[in-house]
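What follows is chain A paired twice: with chain B in the first complex and chain C in the second.
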Partner chain A sequence: MVLIASLIDGLLIGFIYGIAAMGLSLIWGVMRVINLAHGAIIALGMFGVYLAFTGLGLNPYLALLLVALTGLLSGVLVYGIAVHRVINAPYLSTLLATFAVNMIVIGVGTAAFSTSPRNVAFALGSLSLGVITLTWTRVAAALVAVLVTALLYLFLYRTRPGKAIRAVANNRAAAELMGIPSSWVLALSFGLGTMLAAISGGLIATFLPFTILAGAGYQVKGFVICVLGGLGNPLGALIGGLLLGAMEGIIPAFLETSWVPVLEFVLFVLILLVKPTGLLGSRK
Partner chain B sequence: MKRSVLSVLLLGLLLVTAQCGPSSGGGEAPQASATKTVVIGFTVSQTGSLNVSSIRQDNGLKLWMDQVNAAGGITLSDGTVVKFKTVSYDDESNKDRVQELYTRLATEDNADFLISPYSSGLTAASAVIAEQYGKVMITTGAASDATYQEGYTLVFQAYTPASRYLTGALDLLGHLDPSVKKIAFVNENDKFSTDVVAAAQVYAESLGYDIVLAESYDSGTPDFGPFINKIQAAAPEALMGGGHFQDGSTFARQLHEKGIPLKFVALLVAPPEPDFSEIGDGALGIVGPSQWEPQAEYTPESAEAAGVEWFGPLNDDFVRDYEAAYNEEPSYHSAGGYAAGLILHKAIVDADSVDTAAVKAALDRMNILTFYGGIKFDASAESHGLQIGHEMVYIQWQHDDAGNLMKQVIWPLEGATAESLYPKP
Partner chain C sequence: MKPLDKSHDTPWRNPGLWLALATTAVIGLSPALSGNKAYAREVMFTVLMSVGLASSLNVMLGYTGYVNFGHIVFFGLGGYVSFYLLSVHRLPFYIAVLAGGLSAALLAFLLGKAILRLRGAYFALATIGVNEAARSFVKNFGPFGGPTGMTLKFQVYQAYGGADRALWIAYIVLVVLAVAVILVSFLVKTSRFGLGLMAIRENEDTAEVMGVVAPNAKTWAYVLSAIFPGMIGALFFFKNGNIEPDDAFRLQQSIEIIVMVMLGGQGLVLGPLVGSAVYQRLRGYLLVSPLFKNIQLAVAGVLLLIIILFVPAGLVGWLRRRSSRLRRVLE
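Let's turn to the complex of A and B:
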């Protein structure tokens, strides 16, 4: 029973890891940029919900809409300022550009909020099914994550801008020849990736404590998940997130918690060795 | 060390010649009252996981120093006025940084005395350096017993040691409900929490408790879901453990959200912090050991009754001055920081010198009561410097009449400000 309860807890948080990783994966898939500012944006998403809740008294899920919109706009802005000029340069340039954004955000965030832990004192109660107790904030966060994934898929497959993103991801030169404004599409993709990071941060804030530095841990998980699911494949990211969440839930039932990262990274290396394209493969 | 001894000798020589002047020559030599500025070195975790408690500790120490300096310093019998200055760095809550920085404080900054960083782990790292460079160190915010079993001679502890942190909570539980038998221990996997819980487990077994779960978690664990599921399966009646602020407050919150039916929960470090109430109803009923509380009842009269000397400000004065200086209620870390300064202050007064050997001898003899509680050090070779005069108080978060969360002292009964809320809601 402990195992089932832990597995469910793990899977619920896995959905949120999944959308954080989906953001990373989308940006990589469309423009071949490893976004090292992802963790910092996750932390900003947490603080967005925290400030809206404690300062404005806004419901955290309503605050999430605000956080998503701000995430989208700031992503477009970051792309325009830091990434666009180096988009065709070698990987190292974009890596460093996003790392610089990360350092700026963390630095300003530390000055503004300090590194003290914060809590959003918000609870929805819990649901007991025998020995399994589900916390509603976690269930709600997982549902929001599923909803966001569904909306992202609808956007990518059913709308013109979404199709343009997929076209640019497939072949940027050809897409440009067809009259697709690739700069705008890239900016939009970066914005969407950033928005996903901000949403995942906001969701985490509804049930876990955080500091301005908390995003880094989730970013590392994001990389592991992307490799598990296949870089550039958003659905793979969600499945990878669930897998990682399940591991985090189950392993402590048998072993000390210090084994969790060991086993996660063993799996990471194994996937790289056996199926480097990830479980769901990826577009090359 | 050598340099500070040399400077003390030079200072002494200067004073002797200044005093000899008038008597031999009979002229009008100016009455020089030399001012000696003593450098106190320490690190603060301005950043990293320990920053909340560490910054409060730093605030307490600075308040003491500002007050002593503003009152004109300490005047020794030879007329020397001792004033204080601090040199401190951010250790980023990182042990490696602590060792680098304390070496720097001892060698480049020529600190005369050292104060420990916050937390037992960082303090253990810094104590080695203090001993190596022959500097007296007052440790505060560090309760682990092990540091005082290393044979150090210059390290003195202001906190009640870890081995006595949760023993009072077990006494309290026994007092509240003798029928409780099943107890779980879940603690952070660091030096301090492990020491506390190891001692508490031995004590619990000696009292006849059945330990149904004993688990530890990594520092920085953000999610206690897996542990809470295990706790639920083991069905204990009481839970003790925790570690530091961040994990302790998360643990309490998740226990509440999961609705685990526990009658008694005592966690380390986090509950006495004023910010603990940020987790809302999760804080209600949680018990925590505290080195000191603003409502503490130590007075010059209680010192007289106990036959020990009273030293330093009254409790209310400390609370008022701290609030005026930092615009927040002092936590026990703040009081501990102030107490570290006060201990050094008293030792310098008793030694009538700032010489390391004289101050060490004064610390070995010290037996005083302050607003923070008793201070007396173990002078034996086996556990030199261990605090033996100070006692813990236990607080619990309860609702006041308006329904707001507030801390009450519930144990020991002599100092209690409210009845215990039992079983935990």
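Let's turn to the complex of A and C:
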């Protein structure tokens, strides 16, 4: 019974890992950039919800809308300032450019908020299903994550800008020949990826304590998930997130919790070696 | 391709080599001339450590074109192995340092056989995974002290004439290592082996067609670039007196080393040397400046961004482009 409860808890947080990884995966899929600023944005999302809740007294889920919008805009801004100039340079440049953004955000964030832990004092009570008790904040966060995924898919497959993003991901030169303004599409994709990071940070903040440095851990989990689900495959990222969440829920029943990251990263390197396109990746 | 210039036949006559070696030696000897010797030694220890780490990384990053986010794994592993031998088995210091280097080289050999098959960003991601796996493994590994790490007993230093003398010994060994790194970095660059590595950097498939045995060349480059951080890690943690998983395998530090290589100029012998000296001095300044103390990380980030966007060849690379006379001196 304890096992089932921790499995469900793991799966619920897996949805949130999933949307963070989806952002990484989207950016990689469209422009072949590994965004090392992802963790910093996750942390900003956490602080966005925290500040709106404790400072303005806003409902955390309402604050999430604000955080998402800010995330989108700041992603476009980051793309314009740091990424656009080096988008065609060797990938070391984009890795380091996004890492520089990470340093700037974390540096300013540490000066502003210090590294002491915070939490959003917000609760919705809990849900009892027989012997299993789930906190509503976790359930709600998972539901929001599913909703965001559905909206992202509607956007990518049913709207013109979404189709433009998929066209650029498929073949940038051909898309440009068809009259698609690829610079704007890249900026928009980077913004969407950043928005997903900010939302996942905001959701985590509703039920777990955090610091300004907390994003880094979730970013590395994001890499693991991307590799599980296949880089550049957003839906795969969600499934990878669930897998990772399930692992985190089940492993502590058999081993000490401190072994979880060891297994995660060994699995990560093994999958990269055996099937670098990911367990659910396309055959390319 | 350019016709082979003479430096490939007679590396000893190349002024670039002597400039790099002389700079390293001057940095290494400067504490002896300083008023506050112990303080100067601590400052220069950090600088020379960075020189060694950055120059050895340059063999992979600059010459071979493989982005390694896990360079610090070798530093941490060498530190742990030598620390273990020193504190638990009471082996002599020099043997422990050598063992640190060899264990790092062995890890690089085994790891290289596996992950060097990956190219581009996939390799970079795998090295992040290796770093995190190593850190979380050591946290669970009993003989290495688990999450709390290990501490050196004071008697260990007594065998070397007290803590102060032991620190000087560690420093002198580091100076020798730094000079050796520069020399190796230069010899690799001007050798046939190095030419093969640079061919891999430009286009791995073409290089293989031209007769470079890429898997072997990459593995040996990886091993060569791992030995030095292994030994430097041994020196650093001997000086430090204690070792913890989060200090030994810090991803942030790996990235700092990459920044130093980029700052000076990747693929050049002098690049990592200049890059690490400038970076460490700048960091030292930002840490004590009242204006920048709180946001030193952000200032470093802005600098990095400016370099990536506007001076991608690095400081030395930029100078080389300015004049052909400098190009002969700045190797």
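Keep this in mind: the second predicted complex is superposed on the first by the 281 of 284 C-alpha atoms of A that agree within 3 Å, B and C clash if a C-alpha of one lies under 4 Å from a C-alpha of the other, contacts with A are read in each partner's own complex, and residues count from 1 in each chain.
Note that a residue touches a chain if its C-beta (ideal position, glycine included) is under 8 Å from a C-beta of that chain, and two chains touch if they have at least 3 such contacts.
Owing to the predicted nature of the structure, the values given are computational and were not obtained by experimental measurement.
Superimposing the complexes on chain A yields a three-chain arrangement in which chain B and chain C fit side by side. Once chain A of one complex is fitted onto chain A of the other, the partner contacts of A:108 are limited to chain C, with no touch recorded for chain B. In the superposition on chain A, contact of A:35 is made with neither chain B nor chain C. Contacts of A:25 after superposition on the shared chain: neither chain B nor chain C is touched. In the superposed model, A:189 lies in contact with neither chain B nor chain C. Touch criterion met: A:258 reaches chain B and chain C at once. Once the two complexes are laid over each other on the shared chain, residue contacts for A:119 go to chain B alone; chain C is not touched.
Contact with chain B, but none with chain C, is seen for A:6 once the two complexes are overlaid on the shared chain.
When the two complexes are overlaid on their common chain A, residue A:200 makes contact with neither chain B nor chain C.
Note on the superposed arrangement: chain B and chain C approach each other to a least C-alpha distance of 5 Å. In the superposition on chain A, the residues of chain A contacting both chain B and chain C are 110, 256, 258. Taken together, the chain A residues at the contact with chain C in this complex read 28, 32, 34, 81-82, 85-86, 89-93, 95-97, 99-108, 110-111, 216, 220, 223-224, 227, 256, 258-259, 261-262, 265-266, 268-269, 272-273, 276.
In the complex of the two chains, the chain A residues touching chain B come out as 1-2, 5-6, 9-10, 13, 110, 114-119, 121, 123, 125-126, 128, 131, 133, 135, 137, 207-211, 214, 217, 248-249, 251-253, 256-258.
Chain C makes touch with chain A in their complex at residues 61, 65, 67, 114-115, 117-118, 120-122, 124-126, 128-130, 132-133, 136-137, 139-140, 147, 251, 255, 258-259, 262, 294-302, 304-305, 308-309, 312. Contact residues on chain B toward chain A in their complex (touch as defined above): 47-49, 51-52, 189, 216-218, 221-223, 225-227, 229-230, 232-233, 245-246, 249-250, 253-254, 256-260, 275, 278-282.
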